[in-house]
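Please go over the structures that come below.
Here chain A shows up in two complexes: once beside chain B, once beside chain C.
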Partner chain A sequence: MTKLLEWLLGVSLVLSAWAVVSFDLLELSLPQTYREVAWPMPLYLLVTFGCYSLATVGYRVATFNDCDEASAELQGQIQEAKQDLRKKGLKI
Partner chain B sequence: MATGVDQAVGMSLVVFSLLLFTYYSVWVIILPFVDSDHILHKYFLPREYSVILPGIAAVILLLCIGAFIAVIMWKNRKPKKVD
Partner chain C sequence: MASRKTSQPKRESGDKYSVLLPTYNERENLPLIVWLLVKYFGESGYNYEIVVIDDGSPDGTQEVAQQLQKIYGEDKILLRPRAKKLGLGTAYIHGIKHATGNFVIIMDADLSHHPKFIPEFIEKQKEGDYDLVSGTRYQGNGGVYGWDLRRKLISRGANFVTQVLLRPGASDLTGSFRLYKKAVLESLVERCVSKGYVFQMEMIVRARQLNYTIGEVPISFVDRVYGESKLGGNEIVSFVKGLITLFATT
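Showing the complex of A and B:
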């Protein structure tokens, strides 16, 4: 079975479980509060995923290492290259 | 470690997403199990808005992405060649 079929099977299983609980398709007569909690579940999972992505991006921005030596070295190399090209006639 | 503005922006993103996640979780999952005369309900909008507000946010996001693409494509149009 391909990965696509596996994913589609999993998604359809979860979706059918959600539909059965939210819309009472099997006449299970669950308490009203459980149906009220289950109904927004897909949207809630989406919002949770968005929050997790935002937190991951923010955390990695905050902990990304500055490389001061490499930055200074790169600036020096840029100046060298500019002088070299100016000597050879390129206008910068 | 990143310094200055990077750290501030990153940490504020983390804190904002934690706050949003906590508020939304309480709103969707915990509030239905709380008695309707508890004062906690005062801090939350009616539950219909817990579906409408993310929907509006998604629409606004799609509009912004579409507008951005439109602006970029407008700037990149080249005049037709005349033979």
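Showing the complex of A and C:
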């Protein structure tokens, strides 16, 4: 199954569960409060997921390591390499 | 020397690592990356070879490669040039055909991938007998150098979206610093059709699909010092297209 199908399956499962509860499709005679809670759920979920995404990406950008030492080390090694290669007879 | 003694058993283990270095206009970088590879393979004692796949670079990369071959020997430096620029994906395919090791390491020749991580890749691979080990900028001590906020944001954002949509089981999808069992790489390359960045992403997504095991090693990615990037252009557009394609087909 492709990821697209997995997603479609997941979303339609959630949506049908939601529809069953909020519109009482199966005539389960659920208490009114259930329907009231269920009705705005998709929107809540979307907003929550949006906030989670923003927070996660924001946190990861803020904590993205700047490898200053790695760059400094490389610069040093480049000089060392150039000298050694010249000694070994490399002509550039 | 103590390191000599410990390095001996590694040579006898029978494992050989072929490093594929695709180059296009890397005259300045190639000697440096080769020097670093020789240094770290020498210190760690693993058996290796370096396969340089130059696509007829107009800047004379091939000529530099020939000099390096004279310095380090034809058993260590293999030259497998192609007449013209045919792209990165086919450069790998071309390189694999000529690789004699049972493991293949893929990395950029522009010094953004540091050879010091290769011994860590190899140890990681042995630790779990992984089918492939991928370098990751996004975990542990991994990171980047020379990126501004905008680039970090795009990178992290794109990675997040991809993780959510594809759940690939690896944290760095667009990085191209990886170690593969040779047979695994061959079977993956055969299946992958994408170009550019998306090629790296497709490789790891298909690896997961085929139930190959993936190990990860944090790496620092230092933006190239010499020369210029050959990808670029409409990177974002092709990334989004690739993501959608993988989303719908894998």
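In this section, the second predicted complex is superposed on the first by the 59 of 92 C-alpha atoms of A that agree within 3 Å, B and C clash if a C-alpha of one lies under 4 Å from a C-alpha of the other, contacts with A are read in each partner's own complex, and residues count from 1 in each chain.
Here is the rule we go by: a contact is a pair of C-beta atoms (placed from the backbone, for glycine too) under 8 Å apart; a residue touches a chain by one contact, two chains touch by 3 or more.
Only a predicted model underlies this, so the values are computations on that prediction, with no experimental measurement involved.
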item	value
Which of chain B and chain C A:Phe23 touches, first, second, both or neither	neither
Partner chain in contact with A:Leu46 - chain B first, chain C second, else both or neither	first
Which superposed partner A:Ala70 touches (first chain B, second chain C, both, neither)	second
First (chain B), second (chain C), both or neither touched by A:Ala55	first
Winner by number of chain A residues touched, once chain B and chain C are compared	C
Partner chain(s) touched by A:Thr33 [first = chain B, second = chain C, both, neither]	first
Doubly contacted chain A residues - partners chain C and chain B	57, 60-61, 64-66
Partner chain A, residues of chain B touching it in the complex	1-3, 6-7, 9-14, 16-18, 20-21, 24-25, 28-29, 32-33, 47, 50-51, 54
For the chain A and chain C complex, residues of the former touching the latter	2-4, 7, 53, 56-57, 60-61, 64-68, 70-71, 74-75, 77-78, 81-82, 84-85, 88-92
Footprint of chain A on chain C - complex, ascending	27-28, 31-32, 35-36, 64, 67-68, 70-71, 111, 114, 138, 141-147, 149, 152-153, 155-157, 160, 164-167, 220-222, 225, 246-250
For the chain A and chain B complex, residues of the former touching the latter	33, 36-37, 40, 43-44, 46-48, 51-52, 54-55, 57-66
